[in-house]
Amino acid sequence: MINYKEIKSEELRKEAEELKDKYFLFSIIVVDRINEGKFELNYLFENKENADLINLKTFILRNDPKIDSISDIFPAADYEEREAYDMFGIIFTGHKNLKRILLPEDWPFGYPLRKDFVINDEIRNWTGTDLRW
Amino acid sequence: MNGFEINVGPAHPSTHGVLKFKLTIEGDTIKKAEAEIGFLHRGKEKAAEDVTYMSYLPFVDKIEYVSALNMELLYSSLIEKALNIQISERAKYIRTIMAEFGRIMNHLVFLAAFGEDLGLISEFFWALRERELLMDIIEEISGGRLAPVYIRPGGVFFDFKEGIENKIIEAMEKLEYKIKEVHEYAIIKNSIFKARTKGVGILKKEDAINLGVTGPNARASGINRDYRKLNPYLIYDKLDFKVPVFDEGDAYARCLVRMEEIKESIKIIKEATKNIPKGDYLIKMPWIIKIPPAYTIEIQETPRGEIGMILVSDGSERAYRLKIRSASFFAIKAMEKILEGEKIANFYPILASLDPVMGEIDR
Amino acid sequence: MSIFDIIYKYILSNGFGYLSLPISIILTLIIALIITALVPLFVSGWIERKVAARIQSRRGPIFAGKFGLLQNLFDAIKMLGKEIIRNENADKLFLLPSILYGTVVLLLFLIVPLGNKNLAILNVSDNLLLTFILFSYLGLIAILGGIFSGNKFASISAYREGVKTFAFEGIVLLSIFMIGYRSSFSFQNINSVNIIYYPLIAISFLIGIISMIDRGPLDVTNAEQELIGGWRIEYSGLVYGLPLLGDYSLAFIASMIFSILFLGGAGSGILSFIIFWIKTFIIFFILILLRWLYPRPRIDQLINFSWKYIFPLTILNAIIIWMI
Amino acid sequence: MKEITFEDFSKLEGGFLLTKAKELAHWLIKKGRSKSLWPLTFATSCCGIEMMSFGASKTDPDRAGILFIADSPRYADAIFVSGTITKKMANRLLVLYNQMPNPKYVIAVGACTISGGLYHHSYSVLLGIDKILPVDVYIHGCPPRPEQFLEAGLKLQELIKNDKIERYKGYI
């Protein structure tokens, strides 16, 4: 069974500290609530023995998306946070090497999974280095 | 040599797909390994927001293309959970059989890649020959081979024809014989194979669970966790099957776990095809469906591990946000931790034993 | 009485006088080149591809030629037409190792008696030692190749090759001395079935030869999966063709040598000719099975396997025979 | 030492014997190239898995001389580009293609390599590899069946035999 809990973004590390020994991080789900101008972050934790889940939901502002990282408490969060940064541009303070994980290194067009990211022809025909044969 | 850097590049024959590792080497041991992924990032989660629920099915097959049927099952049960529909008993049986087919085919590709990485090229051909056995049956049932868009929200596309049951059982007998006679000796009981994989790439129990590793890789490190037993979906509660758990945590244990799982899946398929009930296989559903605003989570045990799909729907006929939690995403993270201090020659058995699939990691 | 003597006597008797020596040298060289080209392409290469295909429950080459016989020939022709690419940080003598590899295979074909006593192309006196020297050249050429082609994977394989020579050269040399001590150092007059006296030495000789010609389960240096091609990674076109030619023929030569040394020498006459070829193909079949049925051990396992198990075995067997 | 390019060779006039020899050389090289085609093992996504079962024993490519022996690009003379080529992978694919020795051929496998296929709207997929590579044979299907791979291989061999590939016309 799943129990939801809404917390402020500052209490995230404290909550994560409590869940450290009985739960492991399942995934970080970022939802772009564009009409409220906020990012909704859901931290999904799964119990180590049985299958019940805890979902911590926090909100951060869209224009300065900052939240402190929990990759030192849960090592699994390292890649998830890098992917959230790559797709949404959320900066996790305290993360060791926060850089793009899925997109090419020199990707100039911002963060694709945001709602205001429109795929125009310029993005579609961009091929990075000068590719010729 | 004080740590020169070597790139095991994206197009290396034995990295499973396009996965790049930057290894800094000192003499023959790897000092630091850093994975670089994203070479197959096709923007699936963005595609979910542009395409209606039903026509997202072909995308779902391509997420984890080695066992496509399990991903279809996951997506279909997610949509059904969001609309809280109950599918018919017969469709549940058919879905379990197809999911177990996906699991066997996945582990056969694992054996093929594992054998070839360690130099036994014939194992590649034997394992894929067995896989062709199953491909013919899936083609007969669903019409497709690798990505048969067969399981859909509301049931399955086509019904099982009459003669198909004993064809399945006969194929399972043949497969069981082949596994015991050919693959047991070629892989498990082969002394050079044991020497290459025993005690190599040990993933300790607490490391595995902290890094979020689930599925066969976790069960090989002593974590007794099978989502089909923890939270049984479909008809897994009616079936009795054993969950193989080893606690050495090395490449050999990961191979043993998968070999046992093939045998368990064969048992499940036989039992399920014997007492498959009559009934309709599909609930009438419109093609364009609108899901009321909700936050639904669906996790299932795929051959890779526990893959989760989280759907945030806002009432329109397109998903507002679909998150796919991939299992080998964390296996690659665990691999970086395992590789410190290992030899270069062990890089390939470890990578082959963790069995990552790039489509699922890069989404 | 080797092929060279036969030709020389025949030409001398036809009255070419002083010209006959260069003519017969050219003729024997042509024959040797034909054999070096034909045997790997049609005999050993074709058998290996077909038997390996059968092991993997498939059919092997069919479309080219009668039973796929010409397939290797077409491969060779295709390689003639390929461009030879030179890596910019590769050494000037970039092509030397592969040419040396081809000459070693040619020299081996010159020495080994093809069938019975007087069918060897050249009758060198102590040709058993010469074959060992040529086999140990292969290791050195691989090291050269690894260093000259400025590629990281090639340098790793050169380092592995260097390490590997420690493992098996000593053992093969010891077993050759045992044979020489027992019967003789030249192929022509070994006629006792030595495997009865040296069963363990025969096994260690076979394993040593397999690892020296880099074949079968012990191809640690040019492991396709790990090092993509070992020291040959930078070679393309014909320059890669010669090492590949070597791959196909060296196993055949090794099985010929093994059947001469341990399963009774190469007698003269038709009957011993047939028996010789039957023995050779049996050993060659065992080599093919070994290659396609066993994975590849790691380099350090290979070496401590050879020093911990094979070396004491050979010494034990040598002492037993020496005492009797 | 000036490198002889194939233009000089074809401009070489000569008596009857030379043209006869040139024809023979042409015929022999084309026959050899058409009968043995060593593809590079390059597999990214789902078409790669179908390429694995193409290489396996059911549709055995070794019958037609298509041998998956070429792991390093130096030995390969054809490349089955199978699987989606994303923008991050595109220049690696080009580096691989440039490392292959000359007469090299490209076979685009699957809808993703022909035109971006399922991901034509995606931001990170290269829409069709003929934007960066000269493609000789296209295989449709997503993923195509192993028999289609074999048919493409035989079609390419036939093209080589009848010298239909523009950029290598008369290439010796």
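Going by the order they are written in, the chains are A, B, C and D; count residues from 1 in each one.
What we mean here is this: a contact is a pair of C-beta atoms (placed from the backbone, for glycine too) under 8 Å apart; a residue touches a chain by one contact, two chains touch by 3 or more.
Remember, predicted model here, so these are calculated numbers, not experimental data.
Chain centre most remote from that of subunit B: C (centre = mean of CA atoms). Pairs A-D and C-D differ in how many C-beta pairs touch across them, and the larger number is found at C-D. We define each chain's centre as the mean of its Cα atoms; on that basis subunit A and subunit C are separated by 59 Å.
Here the spacing of subunit A and subunit D, counted between their Cα centres, is 42 Å.
With centres taken as mean Cα positions, subunit D sits 33 Å from subunit C. Each chain gets a centre from the mean of its Cα atoms; for subunit B and subunit C, those two points are 44 Å apart. Among the residues of subunit B, those touching two or more other chains are numbered 13, 38, 41, 43, 46, 124-125, 129, 362. In subunit D, the residues that reach two or more other chains under the touch definition are 56-57, 71, 88, 121-124. The multi-chain contact residues of subunit A, meaning those touching 2 or more other chains, are 102-104, 112, 119. Contacting chain pairs (ordered by label): A-B, A-D, B-C, B-D, C-D. Within the complex formed with subunit B, the residues of subunit D that make contact are 41-46, 48-50, 52-53, 55-58, 71, 83-84, 86, 88-89, 92-93, 96, 118-119, 121-125, 142-143, 145.
In the complex of the two chains, the subunit B residues touching subunit A come out as 37-38, 41, 43, 45-46, 209-212, 225, 227, 230-231, 295, 297, 299, 306, 308, 310, 312, 320-321, 323, 325, 329-330, 332-333, 337, 362-363.
Touching subunit B in their complex are the following residues of subunit C: 52, 55-58, 152, 156, 217, 219, 223-226, 228, 292-301.
Looking at the complex, you find that subunit D touches subunit C at residues 28-29, 31-33, 35-36, 56-57, 60, 62-65, 69, 71-72, 74-75, 77, 99, 101-103, 172.
Subunit B contributes residues 9-11, 13, 17-18, 38-43, 46-47, 50, 58-59, 61-62, 65-66, 68, 109, 112, 124-125, 128-129, 131-132, 135, 145-147, 358-359, 362 to its touches with subunit D in the complex.
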